[in-house]
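Paired with subunit B in one complex and with subunit C in the other, subunit A is shared by the two complexes that follow.
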Partner chain A sequence: MAQGHFRVWRGNAEGGDLVDYDVEVNEGEVVLDVIHRLQATQAGDLAVRWNCKAGKCGSCSAEINGRPRLMCMTRMSVFAPGETVTVTPMRTFPVMKDLVTDVSYNYAKAQEVPAFAPPPGLAPGEYRMAQEDVARSQEFRKCIECFLCQNVCHVIRDHEENKQAYSGPRFLMRIAELDMHPLDSLDRKRSAQDDHGLGYCNITKCCTEVCPEGIKITDNGLIPLKERVVDRKFDPLGVLKQKLTRR
Partner chain B sequence: MTRAASPSLTAGRATIPARTLRTDRWWQAPLITAVLLTLWVAYATVRVFTQRAYFVERYHYLSPFTSPCVTASCPSAARDLGTWLPHFPPFLPFGVLFLPFLLGFRVTCYYYRRAYYRAFWQSPPACAVAEPHGKYSGETRFPLIIQNLHRYFFGAAVLLSLVNTWDAIRAFQGKTGGIGLGLGTLIMVANVVLLWAYTVSCHSCRHIVGGRLRSFSRHPIRYRAWTFVSKLNAKHMQLAWTTLATLLITDGYIALVSAGVFGDLRIYN
Partner chain C sequence: MDQLEKHSYDVLIIGAGGSGLRAAIAAHEAGLRVAIICKSLFGKAHTVMAEGGVAAAMGNRNPHDNWRVHFRDTMRGGKFLNNWRMAELHAKESPDRVWELETYGALFDRTKDGKISQRNFGGHEYPRLAHVGDRTGLELIRTMQQKIVSLQQDDARRAGMPSGAHDGRLKVFAELTVTELLLTPSGAVSGAFGYWRETGRFVVFKAPAVIIATGGIGKSFKVTSNSWECTGDGMGLALRAGSTLLNMEFVQFHPTGMVWPPSVKGILVTEGVRGDGGVLRNSEGKRFMFDYVPDVFRAQYAETEDEADRWYDDPDHNKRTPDLLPRDEVARAINAEVKAGRGSPHGGVFLDIASRLPKDEILRRLPSMTHQFKELADVDITAEPMEVGPTCHYVMGGIEVDADTAAAARVPGLFSCGEAAGGMHGSNRLGGNSLSDLLVFGRRAGEGAAAYVKALQGSYPVVPQVQVNECMQTALAPLERADGESPYVVHQELQQVMNDLVGIIRRADEIQHALDVLEKLNERSRHLAASGPRDFNPGWHLALDLRNMLLIAECIARAALLREESRGGHTRDDYPAMSEEWRKVNLICSLSADGRSVEVVKQEMPPMRGDLMALFSVEELKKYFTPEELQHLPAEDRTDVERKVEVS
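Take a look at the complex of A and B:
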């Protein structure tokens, strides 16, 4: 048993500040354990969202020493002895109270992506696909919707005004997933660029860096989607081919 | 800073004035990237503009910075592809004919974009570190929208890699004619193998060989090609840096041998 030094952001939409706490830390604990101990012993009204404590529900996203992470998957042993651990809410979303943010931006963006559209005449249960056709999408299905990638993406993190035009890595990846789906019958390329703002992404890969599921969001989702958009919108040969084959 | 004026702080977000709360050395990676890229570009610029010591006639070592040599300004032995153009005035390096394509390939490369957007444009300098710009439109407008034509530079790079391959084959020339092998040959071969690996691992290449398909099971051969390119693609960053190094080593070695600083280490003939 040892003492840890924590700084936790306390406040709400009106304002707030970092508050210092000395708190007990035991071997094998994660940051969320210590936050829970704070809640139980010194700060009964500290707001924190969590659910599974197993890195699977995506509820406990926060920023720990400035890095977007899941509180339940950040072991205390990664910090040097005596190191101050600073815990703040995700910056990109409006704060509700303390460590809890309002992530409804993400739900709004999710709704703007049209659902999987099977070809007409094919009923559920009649879908036949080979494993290699769905393998690419399966990587993206590991997403736990923690929204850490959305939070770290500088397009909206540093520019609130881009939220309107930009859906963020999580939902561009969803569009990529559907565009690669062998049975999806919509063409999502043009809309990825025009309605969801794919062009704002400058592939600097922070989404990939923070994803707790280790999904290669940029390399396997966003860049392939950019290439697909080029086929449809920018490559003169691709555009010509489209015009010819559409007749 | 511009950030104070940005609405980001007033949109009901937590009031955290610090640009970042990161405590690690986040500035290290962009700094190293900026220094290395600047040094490399400086070296290449000097080499291309001085136009000296780029060819060792005896063993037919031609620097990748000057290949293919197709103007009358090059030594005739280096003009394997023929003479397409007359003498260039001395201030105009004949590298201007092909280097723009190589440069364009690297400048529009998805990896290098990430590197220089972070290191030079600071957009963002590192993850969860605020960028210093008030406005941001990414690659949605001119000029950055041109990045979308990367695949055409990929095409050009494939052609130039073929030329480099030919140069490496020619570097098996012995001092008495016939076949020979020297350290220079090995360096040129290693360089061209890595250049191919970098070129083939390109994201546009990955898309063209199979990535654009919706169904892999209907295109088994392209699926295998895509699988192969995908494996290389995962190492694209490493290949980008390694090939910068091998290009520099190849050119530097040829320069030193050609200038007579030391002789080529011959293994055979």
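Take a look at the complex of A and C:
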């Protein structure tokens, strides 16, 4: 058992500040354990989201010493002995209270992505897909919706005004996932560019870097999607065909 | 008092895990206006924690599989205490429910011929669990979450909205906790009362039908795989509304939870590790499970390591490894090994996959386990064994429901499905049968509630204001006490006493002791105080959740004291044998007239239908049933009949 020094942001939409706490830390603990101990012993009303405490639900996202992370997967042993641990809410989303932010932006964007469109005429139980074909979309379906990629993406982190036109890495990846689904019957390329702001992404890969699931969001999702959008948009034969078939 | 927010729906679903979402889809498809309430954010419910898979006899890996085999396995796993009608419906309908998920966009792992892959699991005779690596629960909940969104998009198109979603007919209320059901003077459902977690403001829902899909009770125990949400809310709501709980003494301790470091103790290690070849060893390196095969299962499990190892590749000519016995058996065996001094350094046993599969294969099949151990315990499971021990995982008991419609006992308009409902799994649930249970009975609850509402033909009950006022007072009480008991302290003491005295092995004197402690905790819980404001105040939320946790803990302890036998998830040190007389008995919990204590009574189970009895050999039935129950059955061995049925 040792003492740790924590600075936790306390406040609400009107404002707030970092508050200092000295707190017990035990072997093997993660940051979320220490936050829970603060709640039980010093700050009963400290607001924090969490569910599974095993890196599977994506609820306990925050910024720890400035870095976007899951509190349940951040071991106390990653800090130097005596190092102050500063925990602040995700910056890209409006604060509700303490470490809890209003993530409704993400749920609104999710509603704008057209759902999986099953192939017409294929009965349930008749779906046949090869493992190597589903594997590409499966990588993206590992997403636990912690929204750390959304939080870190500078397109919206520093530019509130882009939130309207840009869906963020999580939902561009969702479009890529559906686009790569072996049996999806919609063409999603134009919509990715026009309705979800794929063009805003300039592949700095910050999203990939913070993904707790290790999903290669940029390399495997967003870049291939960009390539296909370009193929579609600038392929002269394609454009001609489109024009001819339009009427 | 506040300005009250009010909503009105046809069907109100409390709980947004797998069963709640499936119920919502069904009720919406029946044409009704539906509200879904989640305690957390949408898509975070405990279903995401399910790892191994969803059991459905599709026969993709072994064509001998069919609903009859699945039914038999389920009844055996539950030691024949299951509600047999539920087990029958579950076995028959789960393949359709899984295939339906593919039409919603789910992507399961595939077999070589492109069908849904299926893996071995404890107690299942054939590879039966459809899976996505070791994150099947996440796939399930995300798929249904996305299906809900797509239904909202369809509604928007119909309403002539250009893009996005319209939630007029199917709305999700996230981060909202229901504290009480509202009733008509005659005792039927009229709605529910709750508060927004963010603001602490109160909400009244008016609805003629409520589906309780609130999941489990694990947070009453110290070592648990369950999240903070699993506080038995729905069971508390049902009891206080006048409904009943069934067989609450049956609590599943999953055999393999993490044991080290202390902060992760209880976190689940999927049974898929053993399904894919992992074996349990004690400190002497011995595969001890061979010493713990009970007589009722002796015919189905291998006697030597050689045979057990051959079974993975040639299941038709070898018997399965006892590492894959039902969970109650494995948990007790681990408990016994540790008690005998043959445990691992941190009080568990070893689970070894490293010496059994190549590294690449482990990474492919168990990515989330590899990640979890590396990040949280500095253990590389591809190179060294894991340390594991039992953890409170699931409650087989729950709200007493009608098998076909999911209607709850005694309260018109109340329905329940998923872990919150009881009966389906008998005394012990097989791995993989939970996700299929969610789908099968979630859909049935949605349809059951829809049929009930349609029969009302528009004459909906009103919400009495006096009840609403009482609900507000009860909810505000902890915030208004200047000083009193800390909810955190009372919760910790509750978890400790349930773990120590009503845990995996039980004795009359210890359970009685637990009931005494619970009575004191109940008294103290009337003086809980939460400091701070009403907006997002976890201390206040816990104080309100504790009411349900304490009530459910009392149900578990009282039923455990009454049932004088050992069966499945209820092991009595002082009554170690399984009793034929107790097999036909359900224990029913209800709230006393003054609302202050729990009453438990015995209720005889209806006899199993003859054609279902005929799926078992008389020899096997004799191990569980009384001679009187079997006297009408023909005496000959049924194995031949059974084979014919399966071929047909």
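Simple rule for what comes next: the second predicted complex is superposed on the first by the 233 of 247 C-alpha atoms of A that agree within 3 Å, B and C clash if a C-alpha of one lies under 4 Å from a C-alpha of the other, contacts with A are read in each partner's own complex, and residues count from 1 in each chain.
Everything that follows uses one rule, which is that contacts are C-beta pairs under 8 Å (C-beta built on N, C-alpha and C of every residue); 3 or more make two chains touch, one makes a residue touch a chain.
Owing to the predicted nature of the structure, the values given are computational and were not obtained by experimental measurement.
Q: After the superposition on A, what does A:Y105 contact: first (subunit B), second (subunit C), both or neither?
A: neither
Q: After superposition on the shared chain, which partner residues are touched by A:H181: those of subunit B (first), subunit C (second), both, or neither?
A: Both partners, subunit B and subunit C.
Q: Name the contact category of A:P124: first (subunit B only), second (subunit C only), both, or neither.
A: second
Q: State whether A:F6 touches subunit B only (first), subunit C only (second), both chains, or neither.
A: Touch partners of A:F6: none, neither subunit B nor subunit C.
Q: Which partner chains sit in contact with A:D158 here, subunit B, subunit C, both or neither? Use first/second/both/neither.
A: first
Q: When the two structures are overlaid on chain A, which partner does A:I144 contact: first (subunit B), second (subunit C), both, or neither?
A: Only subunit C; A:I144 stays clear of subunit B.
Q: After the superposition on A, what does A:K56 contact: first (subunit B), second (subunit C), both or neither?
A: second
Q: Given the touch rule stated above, what does A:D33 touch, subunit B (first), subunit C (second), both, or neither?
A: Once the two structures are laid over each other on A, A:D33 reaches subunit C alone.
Q: Do any residues of subunit A touch both subunit B and subunit C, and if so, which are they?
A: Overlap of subunit B and subunit C footprints on subunit A: residues 129-130, 181, 184.
Q: In the complex of these two chains, what residues of subunit A are touching subunit B?
A: Checking each residue of subunit A against subunit B gives 9, 11, 13, 15-18, 63, 65-68, 83, 86, 88-89, 91-95, 101-102, 129-130, 132-133, 152, 154-155, 157-162, 179-182, 184, 197, 199-206, 209-210, 219, 223-224, 226-231, 233-235.
Q: With touch defined as at the start, can you tell me which subunit A residues reach subunit C in the complex?
A: Of all residues in subunit A, those touching subunit C are 12, 26-30, 33, 39-41, 44-59, 73, 75, 96-98, 100, 103, 107-108, 110-112, 114-116, 118, 124-125, 127-131, 134, 137-138, 141-145, 178, 181, 184, 195, 214.
Q: For a test of understanding, state which residues of subunit B touch subunit A in their complex under the given definition.
A: 3, 6-8, 11-16, 20-24, 110, 113-114, 117-118, 123-124, 127-131, 133, 135-141, 144-145, 148-149, 151, 203-204, 206-207, 211-212, 214-217, 223, 233-234
Q: Flag every residue of subunit C that touches subunit A in the complex, lowest number first.
A: 40-46, 48-49, 58, 95-96, 99-100, 102-105, 107-110, 113-115, 117, 132-133, 135, 137-139, 142, 146-147, 149-150, 152-153, 163-165, 174, 198, 227-229, 260-264, 267-268, 368, 371-372, 375-377, 486-489, 492, 530-533, 535-540
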